[in-house]
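Chain IDs A, B, C and D follow the sequence of writing; residue 1 opens each chain.
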């Protein structure tokens, strides 16, 4: 029977992680469970950086970006001997189950750990990239898209005022979700995403046609997964003038979480604890059809593949 | 065959309406259809306030709240003779189909009109209340919840600094969606919603208990459908000190739409035009399971009933 | 010689108070002084709620609204016997000087206390009302004006979309600063401020004239000091239709401080400590001609009187 | 006697330019003057892109970033023959005076033009850099500092959560104003500005000391005028791990203007028209001691030099 749960955040930080930590902690307290927080992800687990959490520990964190537990990517956790050490730390702290908030990479580590030691694990998908298989939304994606959209809105002021072409690089690793959603929301003219090599000549042609018709500014969103944005943009610069680049970078990882991400964090945190109490011990929490689901962790380890062609077409039609 | 579509916004304005207007207009242009905009909802339709729209008419509106077509609630449209006049205006302007962005009330009018004159109509649910039956989200809800949450975040600064009890009235007519979602996202301590009479004594008891334990501030979200918030709050004021009220009011109807509402407006606008071209002429557009659906208008005329008890409980548990 | 300073916040909370607390604390630490924080203003001073502060105590508060020291209005402090108690608490805690962040009322109390016990006091003007005599800006005013302006921007979406007349009540007690500045920044059509009785007939006439010319929406900012906004608005409602009221209320007291208020808090906090070390022991800190000044506390006790007529006229001309 | 005024925006766009355009236009209309808008700065003046403006032309622009008149940097205007052409266009359009919104560079061109043709010119300092001599504030600076501060707030979430060192490059050309103000407001640990070569070894030492004491994240603001931020950061990367760079870039040039910039635009626009009517025909408008001033244009042509050492020291002391 589960009496004590530990929670950690792993991989890149994402807005809403704190909301999930709060929800796990308070719902666990409500269920009379003990709860521990592990610092710096798997690294902190290996190093034994484990502290008890109470309902009070998670006061006033709902509106804060980042993660109060800190997060990291641990290379050590790839090695069996360190996972063994991690396991020993859990046992010594009388921890019966582990809730992990992170992306695919973290879920992969969690899955290996679960199988190796038969240790109960539940994963909450926390990443701005929205690229976890089996869930329609990950924690942090909505905030990141809103942040990227705000940047597009701002850049558009200069692009329009100065008749310029802007390339804006957004995050998303190998996925194009942030690029497609923020471009559609921000009214950008085009996107370049990893799944489809950009037709430079075609884009240049459209920009030139636009200029002839009087449309003199243009915003193109580039997903980081495409590769070297600056190299790509140089290519464009050979054919068209007044080209600029902005790399949003870590700006889109921070900030107070949006209402949806706070909501999602609250619901997923609660359902994660319920799943453990319901003996689901190698599972992930997803958001499908407007509600939380519990599904096998192994199905969440993969990157989500989704064809974004229809969004790509909409962006072309609507601008 | 449909050659010309008209669009109007009706009822209370909602953030994202402009995004849907833009999407309808540009997608219709892409499909070589003519498109007209009707001012001030059904009232403007009766008065013949109809103008052609082009792709250019809808430039730079994606980030703006409200509706460029203006909106109103029309009492005249309840009378047959005025609906007859509206119909004649559509015929005279060679309009073959009507897209209506609004809530239940507007859909009811649209439905009557559709049956009376056998005139093709498609409805896009645009209301901050999220209370349209058959769709999981309405246009404007996400923005309104974010706005209400921002207000809660701000009020919390004073509530905490001055040890006060705040009642915050949010919109939502007879539904509790905005109240429940914004309370959960904002970390409010309780909600009072129309579907459940508040237990004043119980809430007072919890506040007093909290004060004894050192929790001296408290935020309670009240849905406008509950009735006179000021009267309700006076009741509380008899038992507890330092009670304040804030009525968010029309603040939550305005503002630049959130990324999700802009996305939703783009997708629903496109799907509305496609539905008409696909001969779906008495239908509404919904958002279900992370995609747009087309369903009978008559199923959208009802108020959405959803049991919010699980959210109510979560709010209690998480605070 | 001053070795230990105490700091308290008094009166209504204002954004930027935390920045000043942080600055006082860290600059005092840099000067090798001890520093204590007093909770709940003069009330906490009377009750002996005094705790040591270190540089670390004020981490991560720069971006937060409200005040970590909590604040209140103390009736007891009006009585000599309680001030005596307050004095004893200072002596017992070996506190040599007091920094008070608050408005006129708080400065009045501080001034009496200073004279009564010859106890060193420096005041930092912290109030959203901008009504402290001798300083061009108070801490919190810039944030409050920005918040009120955001509300005007949002309300304008509905006002324009629905052809309505909105009265928006802003804070500012008996002063018209927030009203005038936010109206000018928000592009409101008129203001009603305490120093000038509104000419209802004249405003109605202008609205009606506007409607004839096609300007159908109107936003009027009302300073709370005018009195019962709802009563006033009813008067207007007798002559014109579609009138609505929004009371911003405590929303404008909270929120993350603006850049200027954080800047001002940092500078004023530092200068307050410097003043004490410079033996200025009955003084206030002001902001004049783009820099901090130190001036006699007695000159800051009065309400600032400033003729806002030129702003009133500009609002009329520019809309 | 002046009967018709033209207005143009020049150089980089800045938030608040639209507010000044609106103010000039409406105040001129109030004074019964005709008013023309020139597109794309001096370039548009040379090419004769001149259109009449009315009070209605400037509706709904108060809250928008950028400039509705568009702006550019004109190389042609450096040549006498093109300035001659510009002058002829003014004469042909019966324009009696020119109001220019821009920075030093634009003022320089305006000054030459004024002397060459004895043509009345008034300049409004519109640039985010705050580097115009003779004025304490330029239009757009306050908004840019707020935007940069928001970025710092967001980056801090990741810096803290992941124990990283961030260098954030802000704009400001050769001046350090944006860097110093945003760093102080955002609570950054250090700044690197053009006027003082950075002591890499000293900064590295402080970071390492901090890490030993448990302070593991660090944010350093770099003014663009320092030169190649990426090269600089590489230097640091040789000594310390987990270093990241973010270049805010054009993000800080856009966005809805802050309350102060809207206020400043309104006041400066009005005073610019008054100056012309008052026969001040080779002047600039400044903001000094909380009010607008009119001073000789030649005194505004220089870059503002201000010693920011005291802010630099405050940043060190307060973090």
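What we mean here is this: a contact is a pair of C-beta atoms (placed from the backbone, for glycine too) under 8 Å apart; a residue touches a chain by one contact, two chains touch by 3 or more.
What you are looking at is a predicted structure, and each value in this text was computed from that prediction instead of being measured.
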Legend entry - Remotest chain, chain B as reference, centres from CA atoms: D
Legend entry - Centroid spacing, where centroids are CA-atom means, of chain C and chain D in whole angstrom: 29
Legend entry - Euclidean distance of C-alpha centroids - chain B vs chain D, Å: 40
Inset, instruction - Enumerate the residues of chain D that touch no fewer than two other chains. - result: 153
Inset, instruction - Write out all the pairs of touching chains, ordered by chain label. - result: A-B, A-D, B-C, C-D
Legend entry - Interfacial residue positions of chain D with respect to chain A in the complex: 9, 12-13, 15, 40, 64-67, 70-72, 147, 151, 153-158, 160-163, 166, 244-251, 253-255
Inset, instruction - Please name which positions on chain D make contact with chain C in the complex. - result: 22-23, 26-27, 30, 62-63, 136, 142, 145-146, 149, 153, 181-182, 184-187, 256, 258-260, 262-263, 266-267, 270, 288-290, 314, 317-319
